[in-house]
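Each in structure tokens, the structures are laid out below.
There are two complexes below, and they share chain A, which is joined by chain B in the first and by chain C in the second.
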Partner chain A sequence: MLLRLLTWPYVRKHKLRAILTILGIALGVIVFVGMRTANDSVLYGFQQTVDRLAGKTQLQISSGETGFPEEVLERVQALPEVETAVPVIEATVRTGLPGQGNILILAVDMTGDRGLRQYEFEEGDESFIDDPLVFLAQPDSIMITSEFAARNHLATGGRISFDTMIGPKQFTIRGIMKSGGLASAFGGNLAIMDIYAAQQVFGRGRSFDRIDLKLKPDVPLARGQSALQTLLGSGYQIEPPSSRGQQFESITRIFSIGASLNSAFALLIGLFIIYNTFAIAVTQRRSEIGILRALGASSRQISGLFLLESAILGLAGSIIGIAFGLLMARGMANYVSSLFGEIYGVAQRVETVAADPKIVALALVIGVATSMLAASIPARDASRVDPAAALHKGAYESFSPRESRLRLIAAAGFLAIAAFSLFLRGSEGLRLYAGYLSVVLAAILLTPALVRRLVVALRPLLRSLLPVEGALAADSLIRSPRRTSATVAAVMLSISLVAGLGGVSNASYESLMSWMNNVLNPDLFVGASEQISDRSFRFPASIGGELRRMDFIDELQMVRTARVMFRGAPVMVVAVTIDSLSRRVHPQVIAGDPSTMYREVAAGRGVIFADNLALLKGVKLGDIVEIPSPSGVLKLPVAGITIDYSDQQGAILMDRSVFVRNWKDDTVNVFRVYLRKGVSASEGKRRILDRLGAQSRLFVLTNDQVRRFILRVTDQWFALTYMQIFVAVLVAILGIVNSLTVSITDRRRELGVLQAVGGLRRQVRQTIWIEAMSIALVSVLLGLALGAVILFYYLGIIREQIAGVRLEYEYPVRIALSLIPTMIAVAFLSALGPAESAVRSSLVEALEYE
Partner chain B sequence: MNKFLAVLFFTAALLRAQDARRIMQEVQDRARAASQRYEGTLKVIDSRNKISEKRWTYDRIGSAGSSKVVIRFSAPAEVKGVALLVVNHPERSSDQWMWTPALQRDRRIAFQDRSTRFFGTDFSFEDLEERDSNQYDYTILGEETVNGAPCWKLESRPKKSKSSQYTHAHIWVDKARYVFEKIESFHGGKLIRRLIYGDYRRIQNIWTPLTMEIEEVGRKSKTILHTEKLQYNVPMKEEQFTLQALRRES
Partner chain C sequence: MIDLQNVSKQFDGKRKVIALDQVSLSIARGEMVSMIGASGSGKSTMLNLIGGLDRPTSGEIVVDGERLGRASGDQLTRIRRDKIGFIFQFFHLLPTLSCLENVALPLHLRGWSRRRIEERARELLDLVQLGHRLDHLPEELSGGERQRAAIARALSVYPPILLADEPTGNLDSQTGAGILSLIRGLHQRLESTILIVTHDMDVAESCPRTIRLKDGKVIEDIRR
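== the complex of A and B ==
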């Protein structure tokens, strides 16, 4: 009843403000739904592929990414608990077909694999593998899915070319699988080939990537797992297929945290927009509230009315946010997918981007709860309106001395907590998050006082520019601290976010550049894949011998990278000839003496930990760490800790001899090539390709190309940050437009009087423009100051809680300087509409207002 | 009285089992040769009457239960040189390896995979094993006529030491010649494969089927093996039946 009588007419009268309020929530929900859905779709796509490939597999045996010798298979097959155990190699290769991207090659031993996986063929008959013996006898045999065949007009007997270790290779299609089940893995871009042929074409030597197995019917999973672990030792991971999805999730954890933080911040800013709207609505409707109270409405009814309004607006914002968020997710999913592929070297394919009911429900709850939370203070204020004082306009827009005093005391309290948390020992997370939250809350509480002081300080300047308009604008802001401070707080938070994120981005680039200058100094990188992070292909060690014989090469470092499980997380092992590395590379050493460190590691008596991994896993210099390998658990002391960005999860550097001995694998991912003096990178590249290009799949990248690749991937990573900045600026604009709309509505009579006594339209316009630009300037100044403090916390949280990366504090001065004119210009543009509305409204109506 | 009947029943069953074993032993003894060689043509006729054909040479050394076999494909061109080595053991399943010349490598066919069909034919890898009569228990089920020949109908069940995809088989043995006329292999109550022997010739005093027709029931396809140039007791060496020889001679 009250909603219909009181709210509906008000909303109809202030449509624009209602829309802006809804948008405030919608933006937060869009970011939340968009990023979470895109992220989840990628994870879901990966898990779907894993599930479909797994078939009846109960357990999978792996040794990180490194694979293991073939002999392991016979030992596993001989175990009484095992019913079926089959070897698997997986590789993702480019199809070279327009619009098809990558295809996942699943290489299996077809003589036994049917015990685990269901291969259904188009003609409903096994003989449709156009002769199974030919399939095995000919290493160019491949089976594809009907979807892939239809998309590319392929048929049995046709030929298709894929990139392999021995260059592009023609395969003959000897079977087409029916769609559904296994054939729908990786979005249907799946091909099956013989595992022994795959060993050759993907440079696996005599090793398998993993073993898929099924236990005998009477063997419980835990017993089978335990028997296998006893048989193989702790160097092997024996897990159900679902754990691959968990590992993938663990690898992409940092992205997921970033996505969650993004949406949380977007919602926080939305919260201020709603607070602002409701604070103003309460102010404007004080007389109506007073009348209702006088007629007998209880304070609970009044407060409930505003909360209901906020819930409805929150619901509307959430619904819009969910719809647009899902649209955004569709656009983002493939981007996120390819980003994961480039950063983590884990290929996956997004099959569907669908609304997860849990995310949708959570978005609705978050949207409505945020809206109600934001409106709770104005609602409480509304419920306390004194009917007698309700007709006193204006007084309510300022803070009472008591309220101001309480705010100052609370702010001082939060600052004290922030200061105290700096010295808190024990939980780093608690210290940082408590400090961060306290600083933000203190800044919000101090905003009215700071805004007043800043506007008072600004008034003479504004007057000197435009005496009448400047003074009017400044006075309007000073007289309405409640309205002004809410807007400023929202914009301030947005700007502080921009400054903080900008600072993180700058520090990351600085740190990365410094690492690249110290470590990434070879003239050429010879890799088996176009992307340096792709580990599908590996060189046999013999290629190293051929490169060494080239007289224009001064020094060669053979690098093998592979993900292994360390303390429950997938981390990167980097194996390289340390003796050579120590002569050429000088990383920033955080712990340990560089010469001792290199000596011990070169002798196989230690490993070097990346600083980020050491921090996240609590590893110290001298600790004995246990690294699982196919030969058992490798126990080595940490001989040094250095800054190393080889992998986002962290890297463990060891001598190549240690890796070859323990992993029984001498293959190479990348050769780091130092050319002799006088040989240019382009000449070296040409000569290597001339000698080896024909016999092996080979990509020679110059130092510059590798750096550009790393920077491009970093740019893509930070594109999410830039999106966050964009949202923050958008929210800031919304805040300013909202505030100005309210301000103009509030001051319609004042502006009307001004025009009635001879004020020019130009003057009215300029007053509003100045007001908007003043809000922007004050907000930017406060936001940049707050940004300086929260940057400190961001760097701490990134180091201690998220990535373990040590980033130097450096205030983003350029970003700060560019924000001032940008925001002032944005504020000016935002003010154009409201200013026009003010000068074009009916003078009579304006004078009648109130 | 009841006890007397039970003892009588069990005694009769034991005698029948002994008779069945003696029959099977006789079959095995009459077919015994130090070695065997033939050229085979394997014809697979699928459910749509599509016919595919392969040729192989077959060499066996030793007698059933401890024999070694090398099958080497000679046609069509895509499979030429592909070879299979089967090493039979009296008390356990055979070891099998396959050699693919195009890849220049061998692969072990794991025990768990023996129920898999042998390269699209109606044979399974297990069907290629030479069976030693001592690996099974036998009973006589009765007498029937197959292809005009009076036969004993026997049931064989693998002993526990012998793992098989089949729970039991029915074997029809020609009473006059002590040769197989038909074998039906079951899993539980379900008939899996039916193997019919035909075109018996007496070669070097051994009655030998020159045709074997196998059908995997339910697939509506059949595989026919014709043997030619069959000889027994051909001079062969153990070294020819090793992985090294498989690699060397392909």
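== the complex of A and C ==
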């Protein structure tokens, strides 16, 4: 009843503010739903592909992603617990067909694979597949799915070309699989080929990527797993197919954390918009509340009314946020998918972006709860309104001395907690998060006092620029500290977020550039894929011999990169000839003596850990680490810790000889090529392609191209940060518009008087513009100051909690300097609408306004 | 000085309200006129129309030779600031500005130099006997003092026309009499045209001319 009688007319009267409030929540929910759904869709797509490819597979044997020698298969098949064990090679290749992107090639041994996977064919194709020997006898055979065939107008007997290690290769379509089950893996972009042909075309030598197996019916999974582990040793991972999803999640963990943090920030800012709106609403409706209280409304009824209002607005914002969040997820999912492919080199394909009921429900709860939480303080204030004092206009807009004192005491308390937490030892996470939260809360509590001081200091300047307009604008801000500080707090938080994130982004680029300058110095990179991070194709070592014979090449480093399981998670191993590397690169060494480090590692007596990986895994100089390999567990001391961004989570660097010996794998992912003096990169590239381009799949990238690729991927990664910055600025705009519309309503009579005594419209407009720009200036100054502190916490959280990356603290001066005019301009633009509404409203009504 | 020809004002809401109905009247330069009538008779509406705060639905209003009906928003503002001074019942002083600053406000809006503004504001405050309250904020003044400050503000450029809406309505009778005496004194000294809207018959009868409104029409025009 109260809602219909009191709230609805108020909302109708202040439509713009209601819309802004709903938008505040909607923004947070959009980011939450959008990022979570996109992230989950990619993870789900990956898991779905894994499940569909698995068929009846109970266990998969792998050795990270390095593969292992063929002989392992015979040993596994001989184990009494095993019923069926078949080898698998998986690779993704570009189709080259318009709009088709990549296709996943599953290479299997057709003689045994049908015991695990069900191949259902379109009519007429079974007879051919029924005789696997025919399939095997023709290494150009390939089977595709009916979906892929239909999309590309392909039929049995037709031919299709894929890039392989031996150049573009024509395959003959021998069968078309019916859609559903296996055939729907990777969105239907799936092709099956013979594993021995795949070894050749994907440069696998005489190794397999993994073995899929089924145990005998009476063998429990745990027993089979244990028997296989005993047989193969701890250098192999024997896991159910579902664990691949967990490994994928582990690789993309940083992104998931980033997505969650993005959502949390967006909601935090939304929380301030709601707080701002309700704080203002309570101030404005104070006399109404007073009348209600005088008529017998209880405190509980009053606070309940405001909480119900906030719940309704939160619900509306959540519904809008969910709808737009799902739309955003559709756009983002493919972006995230390709980003994962480029950063982590793990192929996956988003098949469906659907609304997960759990995410939708959570978004509704979060949206409504955030809204109610934000409104709870103003609601409490409303319930405490003294009916007798309620009609005393203006008094409530300022803080009582007691309230101001309490705020200062609380702020001092939070600052003390922040200072104390700096010296806390033990839980790094608690130390950083507690410190961060305390600093933010202290800043919010101090906002009214700081705003007052800043505006008072600003007033003479504004007055000297425009005597009346400047003074009135400053006075309006000083006179209503509640309204002003609620807006400034919201904008300040947004700006501090921009400064903090900008600082992180700057530091990341600085660090990356420094690493690239120190380490990424070959003239050319010869890879088997267009993307340097793609590990589907590998060169045989013999290509290295051919490259070495080229007289224009001064030095060649053969690099093998692969993820292996280290302490339960996939970690990148980089194997390279350390002797050569030590002559050419000069990474920043964090721990260890460089010459000893290189000597020991080159001799196969140690490994070098990336600083971030060492921190995340708790590894220190001199620790003996255990790295599983097909030859058993490799135990080597950590000879040094360096800054290394070969992989986002950091990498383990070892000598190539150690890798070849233990993994029985001499293939190469990338050749780092140093040209002789006088040979330009373009000439070297042309000459390599002339000699080898025809006989092998080969991509020669110049140093500049690789740097640009890394920077492009980094830009894409930080696009999410920029989106966050965009949301923060948008929220700042919403805050300013919200505050100005309220300010104009509050000052309607004052602005009317100004016009009545001769103020031109231009002058009224200028008053409002100055007010808006002053809010922006004060907010930016406070936000930049807060940003300087929270950047410290962000860098700490990134280092200790998320990525382990050591980023140097450097205040983003350029961003800060650009934010001041930007936000003032944004405030000016935000003020245009409210200013126009002020000068166009009826003067008579304005003068009569109470 | 002030001419109204067939002026009507209609408010369109849920129900149409005719606030002024075909009113014609003239006020000569230097006249001091009171306007009386019951609540809703249209007297404040007429004051707002003459002051250029509102526009008539039909008819023509000419103030000191300026046709208000054809003036743009900013032209109306210029007419107001050059020719008209307003005195409001609730004073409408800006609470954050000192007495001196409130009086100086219209002069600042005209772009006068600081020195000239200061001189004029002090002169006006002396005129209304508030020379000792220059730096006081409105909340530090009594009701009568606030109204005197508002009158000083209305006189800032010595406008030829002074419009007062219930200038004593918010004051006790003694203070009200003081304010009225001040207005009368100013009328004599400055020879301004003064139009006072009031409920108070003593105030009305102290003016040489009284116009009575009823239901938006002039029903009586008494000259003494």
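For the reader, a short list of remarks on this structure follows.
FYI, the second predicted complex is superposed on the first by the 842 of 850 C-alpha atoms of A that agree within 3 Å, B and C clash if a C-alpha of one lies under 4 Å from a C-alpha of the other, contacts with A are read in each partner's own complex, and residues count from 1 in each chain.
Convention: a contact is a pair of C-beta atoms (placed from the backbone, for glycine too) under 8 Å apart; a residue touches a chain by one contact, two chains touch by 3 or more.
Quantities reported herein were computed from a predicted structural model and do not represent experimental measurements.
In the superposed pair of complexes, A:429 makes contact with neither chain B nor chain C. Applying the stated contact rule after C-alpha superposition, one finds that A:479 touches chain C and leaves chain B untouched. Within the superposed three-chain model, A:468 lies in touch with chain C and out of touch with chain B [touch as defined at top].
In the superposition on chain A, A:460 makes contact with neither chain B nor chain C. Applying the stated contact rule after C-alpha superposition, one finds that A:197 touches chain B and leaves chain C untouched. In the superposed pair of complexes, A:594 makes contact with neither chain B nor chain C. Applying the stated contact rule after C-alpha superposition, one finds that A:756 touches chain C and leaves chain B untouched.
Across the superposed pair, chain B and chain C touch chain A at no common residue.
Listing the residues of chain A that touch chain C in their complex gives 394, 467-468, 471-472, 475-476, 478-479, 749-750, 753-763, 839, 842-844, 847. The part of chain A that touches chain B in the complex is made up of residues 73-74, 77, 82-85, 109, 111-112, 114-115, 125-127, 129, 131-134, 136-139, 196-197, 200. For chain B in complex with chain A, the residues that touch the partner chain are 44, 46-48, 50, 52, 54, 73, 76, 78-79, 82, 98, 100-103, 105, 107-113, 116-117, 119-120, 125, 219, 221. Partner chain A is touched in their complex by these residues of chain C: 48, 51, 53-54, 73-74, 77-78, 80-82, 86, 88, 92, 94-97, 101, 105-106, 108-110, 114, 153-154, 156.
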